[in-house]
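The next part holds the structures, each set out as structure tokens.
Two complexes follow with chain A in common, the first pairing it with chain B and the second with chain C.
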Partner chain A sequence: MGKKHVDAIIVGAGWAGAILAKELTEAGLSVVMLERGAERTTQIEGAYPDSIDELRGAVRKRLFQNLSQSTVTIRNTMDQTALPYRQLSAFLPGEGVGGAGLHWSGVHFRVAPEDLRLRSSVVERYGEKFIPEGMNLQDYGVTYEDLEPFFDKAEKVFGTSGEAYKVQGKIVGNGNVFSPDRSSDFPLPVMKDTFSASIFRDAAKNAGYHPYALPAANASRQYTNTYGCQMGPCNFCGYCSGYDCYLYSKASPNVNILPALRQDPRFSLIPNAHVLRVDLDSTKTKATGVTYLDTKTRKETSLSADLVILGAFQFNNVHLMLVSGIGKPYDPVSNTGTVGRNFVYQTITSSRVWLPSSTYTNQFVGAGGAGVAIDDFNSMNFDHGPLGFVGGSPVWVNQAGMKPIAAATGAGGGGTPRWGSAYKDALINTYKHSLGIDAHGSNMAYRDVYLDLDPTWKDAYGQPLLRMTFTWKDNDIRMNQYVVSKIEPVARAMGATKMNLVHLNPGQPFDTRKYQTTHLGGGAIMGENPQTSALNRYLQSWDVSNVFVIGSNAFPQGMGYNPTGMVAALAYWAAHHIRTTYLKSPGPLVQA
Partner chain B sequence: MKWPLLAVCILGSSLAGNAVAQDADNATLEKGRYLAAASDCAACHSAHGKPEYSGGISFSLPMGKIYSTNITPDADHGIGHYTEAQFGRALREGVRRDGSTLYPAMPFPSYARLTDSDIHALFVYFRKGVKPAPISPPKNGIVWPLSIRWPLTFWRLAFAPTPTKAIPKTSGEFTDPELARGAYLVEGPAHCGACHSPRAITMQEKALTATDGSLYLAGGAMVDGWTPPSLRQENRTGLGRWSEDDIVSFLKTGRAATGSVFGSMTSAVLHGTQKLTDDDLHAIAHYLKSLKAADQTQKPWTYDSTITDQLHKADLSYRGARIYVDRCAACHRTDGKGYPSVFPPLAGNPVMMQDDPVSLIHITQSGATLPPMTAAPSSIVMPAFKHKLTDEQIADVVTFIRHAWGNNASPVSTEDVKRLSKSMPPPDMADDALSLN
Partner chain C sequence: MELTLNRPLRRSFMKGLLGTTSFWMAAGSTQWAEALAAETAAQSYQPAFFDMKEYQFLEAASDRLFPSDHNSPGGKALGVAEFIDRQMQTPYGHGENWYMSGPFQQGPANLGYQLPFVPRDLYRKGIAGVETYARQHYGKEFAALAAVQQDEILTVLEGGSVQLGEIPGRVFFEQLRTNTLEGVFADPLYGGNRGLAGWVMLGFPGARADFMDWVNQEGAPYPIGPVSISGETA
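Right, the complex of A and B next:
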């Protein structure tokens, strides 16, 4: 019996998958998108007010991965035995149509151009010896100029609100002075500053820094995007991260791309389809299709396809490559192989500042993508020479909206009591008069920080779990401490009466119990050398040329910026080259 | 140019004879497909989840339940045995193949206006362009003696015009070809009056065309829990403040700066008007804009910011204001202006000011889903509030909306809401039932 054949299979219904599906159907291909989770639409479960039930949402993790079926194992160092990540805490991968693109906040950055060629930049400025032993510092193999049209395209799909600094070489506004030139302005005007962001803006400016409004994929106005999909305007309700926006204001695949795709007869989406593997031919150089499990019926189905796109979450892409035998698994001992190499995270610490009781920050107000940031300590924007570390952090006040249960469990911070009237006073004080300041930093790649298949633990489908070997390294800890030290004087200038400044400490291991960020990266990185990257500069597998792997898995380093904008641009970039070159003559786009 | 495809085929007649005939057949079939959309046949004859045009949608009439018929070319269950003449007679005169009379749920008094060439195209489409479906709708639930059809013949003879009378009446009244086309579509295939014109006690539409007087399209009685508003030029309750472009956008995408489609009209846009050409939609809008107000006494609506100013000062003293701010303002805004084409305005929206508040109460109770349209793929939802608000709260908030921003319509009582809970349409969710995990 012949398998059903389609032109292209896309694994994962998040941003990467939705963008590739749209591009490939536009190119005339028949596309099947497989999503392991459930169908999700704004008009059903995203509808107000059920969508903003905090207990069902952020507490019981409605939109997140079901760890009882599949998860990862984690250890800090290679001499430890990894254990399964059984409760969602440090990072929150999405599940269901929309993926992490449905539950994200909406901070929609481009990239700091020098982050794309970080190794070259560091070497040019400080010499080869500046790079610490064991750090796998690498360039992406693409430049900002290569990607600019695709950042531009993505912003017009996402309905991104922001304030530009430079458009076509001309300074046009009060945007980020460190940001690169743009071919056109943001499609929507900048989001308004919350009060907390506005006082940070003033204090940062007075301190000589260069504050700017975060670019937000939260619509500041109603918007109809490139695909005719509509967004409503954000009202700062604060239910962004962890929720499906009932106002259609936060960009998501569900709001911004899938409505148009669902009308295309060449497109079909199969939810509850857990992809078990990419099927390869006997040479292991060509994918023949994929095999997936219907999680409702437990029935296995194989589909055949000419082109396979992995658009799942970062570590799921790496997992699929490893279980399918795509490329050579990374071995940290011999420092060979590429799949699993350069697994990275971000170095993020969140500090809290309390203001006098006459000053109201009203923490319940918020928009996930909005806020005010400075880039003075991000990327290569400052002199690392005397500091002796690589990387940096934007610093920002991103008042995303504190929900009631989160407020009650967070309470007063520092040494305040956990019960009684003092607890209640502190809780109220925090809710009304405090603000958060984040150092949202980069994370470098190291030879002994990587992903591989766990030798012991298996998922509910009998496949080995992916194993993370990860901990904080001295370079990143020192970077974080340096940047956090810059927050204190700014916070004082804002009128802080109390501060809870949080930074990493030397020797502090990665702790999975506390939420840090879902911005995982690397593991199947892009690059110019098949010995040190799993993907070429078009995100095509070096080893199996009809497999493209789209996502933050392609990042050689964890950057200071939020990754979604970069993922979207890389998705459009890869799609462009698939459409203009690959489809005309399938095969490697770069000769190894 | 109404039929560009046909014109191209005729111009291309230097091709081989067979190919021309084939193209002409295809053009006729496509014209029939288009007219079927314009006539909104699917709204009544295509049930969700069943083969296209296989019938089975129920209609609750005072005398019992009837079901729409299978109009696919299936010989046993559909209309496969109908000749073109019989088909035309059923459409335009309400006479079945066996000579008995159709229930006037079938809008044959409007279809009487269809031209012979349009009947031919529809016949070709329903013969060759629709898949035969061998299924029958459920049996009508009308009990004897009301199930006897011959009294319908008297109704038909008394109230339904013959094509010979109807066709010249619609097409002959307008010298402007755009108005004539608009009149033909609205009064004929689109049968707008079936819902939007008032009916007499004997159920016939009080006016079937613009020339029958100002009751035509002046607003109808409740259908499926929704009260069709006037499509004439009343300033407050009609289309007086809708531009031609607003009407076109509404019919093409279900959404316009002035309002969004909901209730029974959703299906008419989804299956019907969105498929019409821009030229035809403009003709319809142009024609509707030509219909003078039936009620000439309405004081023009102007925006009144009193309530907005109060809300901006956190003054929630007006009845229903707090519920409005908590439940409605996120999308419709405290100034009632909404976010045009995404979330419709309530300020100055004719539906808010209708004498009969039933549509407003029902949409608050049941919610509404604006489905994806070809030219506007986003589905926008208004949630149902029946299980979130008490009858009293719904009465309060509806009263608030009817009062605010210059709407100045009459208040609504808790009793009204309670009574209307019975006719409340089922909560309106998107077409496909999706799992809520």
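Right, the complex of A and C next:
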């Protein structure tokens, strides 16, 4: 009963999956990509004017994961019962070809080099004792120098717009002074500053900070990428985060990689294919393939393969590892096992600044990745010694296109009316004359914050849901408060007539009802020690060497930057080592 | 206050568009037919999910949550009730994108919605509960009460002190508030935001989606009025 055999199976059609699929077909492998959601192309889903529809898009969330089939359970602490995440709110995972890469915003960062060796940096500067009890601070096991060629490669695929600071050791422009050296400039010139971003830039500069334009995978002009895929110039349409781009301006797997892959006879993509598990041999050290369910016909199929790549997104990757028996599940009590360990997120708080009524911020104008930021309080760029916390936050004005339903449902509260005529007056003023400033920060890993399988609730396929145990901890709350306190003088200098500075508060639990970010991380982290990481520095499972697990699951802690630039670089890094070393002699790339 | 919704103007504009901009049809915009259906139905809309009493409740309540005033028409004139009725017939109304598998166990509010009810249930049970409350405390159905009394009831629901049968008053309030604001500000394709009046109020240009020259105009207001998906302008 020969199962169908291919060289490599890729689970998930997002950025991680698409990059690996491209690299492996280039290496001559036959590749099957399995995606649980539907086929999606810009020609159909992205067509104007149907795509310019807030209700259908960001409100009813047509492009996001359908929770009725599968979700997670969430609790704040280990003594609680975790309850199902029944309605999409705090985070918005993707589904369908392109994954969340179809409807992301496009802020496309590299990494702050010291974030890759955060434990070492903190210990070198402040000593071992500086690390709070219960915090699992770790290095990635790779350096910025290791990854630089792959950041460079990814930017040329994504068509990233930006302004460099240093290229090959020479200061070349007005970019982020804290950013590391680059082997080449951004492929596209910087995006324009919106009015809101421009006044933040001026005020931040006058305050002595170092403003820079966010690197954006929104094309500032026409571009043809490494694979011959084309992008058109972004017109700041404002239907960006949560939408697919009707102008082919926002980088997505659908626009920037799949058009090239689809022409390759070695590649095939199967949508509506929900992978149930990775099949292992009896030794549990080798994957033989995967079993998936056709969600239309409900038929189960097993495919055999030499190599299995998980690119199903952070928590889905962890879920697949747990249900398949790849690696040892993490147990926070005995502090053993690695799969589920170091689950992290992103701290984010959005403050609001009102300008005089003669000034219009036109908040509906914007692009997901455009804006102006400062890194003066990110990573290790400032002295943590007297502050006593680890981590930091960029601060930015990222006007991505505020639309009326989001503005109206979010308006009021905190002592002001949420309905009625006074509410309407305030809503109009806020919509026309205000702007948002975010502190988008790191989140450290803790011994009792982790992922495992839920004992009660199941998905539509009968598998246990993944359980998240997560809340905000004192270190990260204090970091957020410190950084938010830096916003006030800048906002005053912008001409604020009123401001609402928002920060986390001590004891405030994670709230699943309010959108924060979809920047979930960790749970199957990379590292140098198989006792404390599920993956080696090439994102290869320590336990099952023909499984590579690509995604933000590999981050040992959550960084201040958005994750996708790092995910893409890690994907190219892992692919490079698969191509140059693994395929020649399959087996562990690092001896445990 | 009397409303000026420019209905006749809008109607002829729609007809004109249908004859001229066929490229949208050629491009396969399935929403054309829906848009026109909405247009003809607007004045004599027959609710499909709600009965007439429930519908009148929605008209009255949406008109208090989003009242008519110097800024804009209210929820009733904007078509919020029609919007909500039509939403009840979509996958959203049936809760098809929510995880609705049991057991249903209540927990701390910050862990999110845990009731076994989809939007259709929340409305059916919630409206009945509010009507019972209104009759008990004011002797009349909600729609027949004075605006101040309606506001009192909405305030009590928002405050969370009232249980509407199986549904906490606050849960129903939030559902109603959210859908009301959606009805005010969604594209008119869905039955609300009549005459684009919600968007006009905010200075939101709708489906223009092209700001190449407006990235930074030094704080000047955007000068062009809104356009809807079906091509209606205001």
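Please note the rule applied: the second predicted complex is superposed on the first by the 584 of 592 C-alpha atoms of A that agree within 3 Å, B and C clash if a C-alpha of one lies under 4 Å from a C-alpha of the other, contacts with A are read in each partner's own complex, and residues count from 1 in each chain.
What we mean here is this: a residue touches a chain if its C-beta (ideal position, glycine included) is under 8 Å from a C-beta of that chain, and two chains touch if they have at least 3 such contacts.
On a predicted model such as this, the values are computed, not experimentally measured, just so you know.
In the superposed model, A:237 lies in contact with both chain B and chain C. In the superposed model, A:404 lies in contact with chain C only, and not with chain B. Using the contact criterion defined above for the overlaid structures, shared-chain residue A:47 touches chain B and also reaches chain C. In the superposition on chain A, A:169 makes contact with neither chain B nor chain C. By the touch criterion defined above, A:424 lies against chain C but remains apart from chain B after alignment on the C-alpha atoms of chain A.
Of the two partner chains placed around the shared chain by superposition, chain B is the only one that A:229 touches, whereas chain C remains out of contact. In the superposed model, A:415 lies in contact with neither chain B nor chain C. When chain A is checked against chain B and against chain C, the one touching more of its residues turns out to be C. In the superposed model, A:208 makes contact with neither chain B nor chain C. Overlap of the chain B and chain C interfaces on chain A comprises residues 47-50, 233, 235, 237, 246. Against chain C, in their complex, chain A makes its touches with residues 47-50, 52-55, 59-61, 66-68, 71, 74-76, 80-89, 192-195, 198, 233, 235-239, 246, 355, 358-362, 364-365, 403-405, 407-409, 418-421, 424-425, 427-428, 431-432, 456-458, 460, 509-513. Residue ranges of chain B in contact with chain A, taken from their complex: 327, 330-331, 339-343, 367, 369, 372, 374-381, 383, 388, 429-430, 434-437.
Within the complex formed with chain A, the chain C residues making contact are 24, 27-31, 64-67, 69, 71-72, 90, 92, 95-101, 103, 105, 107-114, 151, 154, 158, 177-178, 180-182, 184-187, 189-190, 198-199, 201-207, 209-212, 214-222, 229. For chain A in complex with chain B, the residues that touch the partner chain are 38-50, 62, 96, 221-222, 224, 227-233, 235, 237, 246-248, 255, 259-260, 262-263.
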